Amino acid sequence: MSGVVVQHIERADPAVIDRLAACGVATVHEAQGRKGLLASYMRPIYSGARLAASAVTISAPPGDNWMVHVAIEQLQPGDIMVLAPTSPSEDGYFGDLLATSARARGCRGLVIEAGVRDVADLTAMQFPVWSKAIFAQGTVKETLGSINVPIVCAGMLVNPGDVIVADDDGVCVVRREEAEAVADKAEARVAAEEDKRQRLAAGELGLDIYKMRDKLAEKGLKYV
Amino acid sequence: MSGVVVQHIERADPAVIDRLAACGVATVHEAQGRKGLLASYMRPIYSGARLAASAVTISAPPGDNWMVHVAIEQLQPGDIMVLAPTSPSEDGYFGDLLATSARARGCRGLVIEAGVRDVADLTAMQFPVWSKAIFAQGTVKETLGSINVPIVCAGMLVNPGDVIVADDDGVCVVRREEAEAVADKAEARVAAEEDKRQRLAAGELGLDIYKMRDKLAEKGLKYV
Amino acid sequence: MSGVVVQHIERADPAVIDRLAACGVATVHEAQGRKGLLASYMRPIYSGARLAASAVTISAPPGDNWMVHVAIEQLQPGDIMVLAPTSPSEDGYFGDLLATSARARGCRGLVIEAGVRDVADLTAMQFPVWSKAIFAQGTVKETLGSINVPIVCAGMLVNPGDVIVADDDGVCVVRREEAEAVADKAEARVAAEEDKRQRLAAGELGLDIYKMRDKLAEKGLKYV
Amino acid sequence: MSGVVVQHIERADPAVIDRLAACGVATVHEAQGRKGLLASYMRPIYSGARLAASAVTISAPPGDNWMVHVAIEQLQPGDIMVLAPTSPSEDGYFGDLLATSARARGCRGLVIEAGVRDVADLTAMQFPVWSKAIFAQGTVKETLGSINVPIVCAGMLVNPGDVIVADDDGVCVVRREEAEAVADKAEARVAAEEDKRQRLAAGELGLDIYKMRDKLAEKGLKYV
Amino acid sequence: MSGVVVQHIERADPAVIDRLAACGVATVHEAQGRKGLLASYMRPIYSGARLAASAVTISAPPGDNWMVHVAIEQLQPGDIMVLAPTSPSEDGYFGDLLATSARARGCRGLVIEAGVRDVADLTAMQFPVWSKAIFAQGTVKETLGSINVPIVCAGMLVNPGDVIVADDDGVCVVRREEAEAVADKAEARVAAEEDKRQRLAAGELGLDIYKMRDKLAEKGLKYV
Amino acid sequence: MSGVVVQHIERADPAVIDRLAACGVATVHEAQGRKGLLASYMRPIYSGARLAASAVTISAPPGDNWMVHVAIEQLQPGDIMVLAPTSPSEDGYFGDLLATSARARGCRGLVIEAGVRDVADLTAMQFPVWSKAIFAQGTVKETLGSINVPIVCAGMLVNPGDVIVADDDGVCVVRREEAEAVADKAEARVAAEEDKRQRLAAGELGLDIYKMRDKLAEKGLKYV
């Protein structure tokens, strides 16, 4: 079943991808109906990164990073690698040498449900990674996996070419074919939030802005 | 049992609260007899915040942040919100819009045994949050909870009006009625520590300063 | 079995220790055959520290930091304390006063499979700690442990006098008697990596540099 | 703050306690408004036990079971011990000797947010324990705690004299003063469930029995 | 996105499903190329159950079991319900009343990445459940989810109509369209294993049966 | 560093091993000064097994069970295999075929800080296993490890030939050279406990048997 490299995948429109990056994870997640979030244990190795990119997926054996080398050849500018091990692992599949190689292909970062190492160097390079662990444990190059097949990463299905949005809040996946519609909705939310932010900052209450008082009373809320 | 908003609560003297803030979590915790710490998984979303504030408590259903809106109306300047879900949840109950609203009421921060999102924005605002998770997962507004009732948050009982002390070490609760006595003891510890710090920095040993050698020998410690 | 302080231990050559520090955890770990890493839950309290040092080991009861005082007397310049509790604990064994005392003896840092507190102060002091938890919970001084006996810390055997290498990637232990040979190999790796980094940065692929294509084909990798 | 033994506590009516035992954890929890459950990591050491009993609470230092001996003297027939450590511990505070002693006082079991050992013997004795861990790690007898003070055990406040209901589903606490009212409601639920069980077993759907179809349609559920 | 009930789904041939049940999880998993396992935290509530069944999938909000009632109407004899919450939850979505109703429709069991309760009753009924937690926490009926849409449960994609194989080793999903081919391969493995079991029981070594000695020597294994 | 099979190891006297088995984990652990316990997450796959045996150690790569085959050839009657992966793994290294082979060599069981599968079959065979996980995930046979070298398993150093004692309480290691002395002490404890059990069963209090009242009063315990 493994041992396959899919070379030609569809990607979303780069302009749409950039629009999603500007909205950020929380807004995009809401805009697409509260779906698509990877598990909360996927954390950035440093604060402040925000991006969106097209997923090149990697299904890799536990403790074996051979397929990362294979994946890098498939990268196009604007891509992000998304790696899920076939069984749980926190080994350090990725470090500064692979990041150097990936960046040379225009890669924007890595999402990995496993470990990463050389994080001081990756931070200095500003190569963003969202991972389950930081762990220097080395890996082998013995067993095949697959590139650009659908994977489940941190509890979420990721297809090759899906759009990954990631920032300090975590990681969200947007289906390629829904990317434009989600970007539209996300931008609408951003605009709507701006108005609310100003009213809230001025001291108006959410209870009034969102007209919650009647529904709360109807449910039986009692002030004592 | 839920669906109650207690509107009038007692708060500690603001001057006492500020004195506790100056002492910090570790010292306050020691000063009150090594009690009051919330579980170690309650972590600040950014480093460097230190505060004390009066607790407005929120008991909320899992994945439902409706009560946060209700709580904000009850906030007074110098308060902090403390939220415990009625069953375990890491959903993102709170983000930058709610922080904007809470800040407009004079709120100093949030302690939440669940998730928080928009952490880049909250950091930029310097709105401090101590949480169990960072997770963008949205919440609903369907079910009632209660405001200003006693709750258990991260393993510790918190009453409305108790003083919350929080910094990079975590979160500690001080009973409102003990706050002044604890502040006295905490300040005494700070003063005593200053003298010891200087002696230790000069190379004197704790074994001698605290006169431990006899008790160690008596217990049977052997140097080989 | 406990209650022993071993006063005279062998240490590695300080020049060798410094050479290991320069190579960092991931490289040293690879250089010695992918062994020696402590568990990934051992994390630095702040980013950016990198060191190597000679281990003074502490076996301590849960929630009892008495032995840290005893250990400090045994410290020599260039040492690091490595503490493992005899049963799991996340209590805060160590804070800024003990750090002040340890630094006065020339101590470079602490590795502790338990909790640490006063992390804001420790960060201001730039006293590096790798720990399992940040927790202000106080400890007692009631029960003996041992100093400079072999311990298992975060899953790894650490002998007194072994070299500890630690940075943002975690913690690695190098056997004292292997330290020089490992430093030689680690420096050779650093040199070799520099060449590869330049080729990768120039866009050459790992598949070609490491001549992986034949072996991948032989294992059955299919491009579709 | 610690070092106190409260000798005289109020207990609920034994007949009420037995009525709660007959209803079981899930029903009692529902009957009192979905509150009172200890965390799900509190598991029975063997399957099939079901009981209710009056809580004798123990606040104990980590890794120190001295207070269990003190507590046993305070036990009356029909009591259960509930132990919370003052900081997290999974040490084995309790084994078959203490169980023998507790049973001689009429004790019905133990709820402990820490470890227990001799579980084969405890199973053979049919002495039920709900614990966070099974771990043989021994404890010391060095530091005081308190008996029959309010504690937080596995996330829930437990007062001395509260009723503990425990079975294969976990542990639930019922406030002493609410015990009779909760027993009434719980028994009413059991009676109501019996009718529903028969209708459901006969193939009638919950959608119809609970008249959910209209509300589902109103919320927008679509059948495709 | 949610609020959809797909009423007509394809199911695998019942005879094929029964053949997979007979082979068990470990063998089926191997037979389909080491894929399909749900995470190891999915454990049976009692030992000894072994089944295969056709998946009716449930995507449900956290702490809300309304959709289980909706799902039951969609069940056909030989089905199993597979529930994944839209954000992490360990609440008790399911107990003996729902099991009674599901069984009346011919349901074989439940796989749930959340909590279950009434486990003593479920065990007495021999209604098998594989869950992430046992927890009596009640749920609400407020928010819609979906039935028979693709879900990710415990890290694995499950489509409606896929075959679920479950036993004491955990849970494995087999794609509906691959079920027959996997059953063929699994049965072939069972047959092959029987011969090996006899040779191994007679004392022959795997090293010889599988002819491993040469490859081990070639890799450099040294006997000392 | 790996790739070594040590063929000749020292073992403890079989009669001493059997004496340790009769005492059980908790007593042996106490008898040797409260040391030697593996982490509490090492649990038996079924209840009721109790054994002691001589350790044949296995250091294996993550997700690779090749070395188990190599280890089986080194087994002598009365041995137990103890496996630690070189980085964290919960893959199913071991099942009923390997158990059949191991049993044919007189092996008494397995301790594995990883996963095991075929647990229904292993239970039927009464082949005892203490593991970190039950997980059917298959493994490969690609990379060398070592046999009969010192390993750290679940936080504890295990040397080849050390005695493993295991029962429902978990797993304890006894150094080979200390085995006889520990057996003596453990049997003395068993004898002493028998007297205490009878006195406690008769209602005498530990407070009196162990003469604790004076020390408690001296520490300041107050009865109120």
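Which chain is which? They are A, B, C, D, E and F, in the order written, and residues in each are numbered from 1.
Definition applied: a residue touches a chain if its C-beta (ideal position, glycine included) is under 8 Å from a C-beta of that chain, and two chains touch if they have at least 3 such contacts.
Just so you know, these numbers come straight off a predicted model, no measurement behind them.
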item	value
Third chains touching both chain F and chain A	C, E
Chains touching both chain B and chain C	A, D
Self-contact between copies chain A and chain E, residue sets same or different by half	same
Geometric centre distance via CA averages, chain D-chain C, whole Å	42
Centroid distance [mean C-alpha coordinates] between chain E and chain D, Å	31
Numbers and ranges of chain C residues touching at least 2 other chains	34, 37, 40, 87-88, 90, 135, 137, 143
Listing of all chain pairs that touch each other, if any do	A-B, A-C, A-E, A-F, B-C, B-D, B-E, C-D, C-F, D-E, D-F, E-F
Touching residues (chain side chain B, partner chain C) in the complex	24-26, 29-30, 34, 37, 40, 43, 47-48, 50, 167-170, 172, 193, 196-197, 200-203, 205-207, 210, 212, 216, 219-224
Complex contact set, residues of chain A against chain F	61-63, 86-91, 135, 137, 140, 142-143
Complex interface listing, chain D residues touching chain F	3-7, 46, 66, 69-70, 72-73, 90, 92, 95-98, 100-101, 103-105, 115, 117-120, 123, 133-138, 141, 143-144
Of chain F, residues touching chain C in the complex	1-2, 32-35, 37, 39-40, 86-88, 150, 152, 155-157
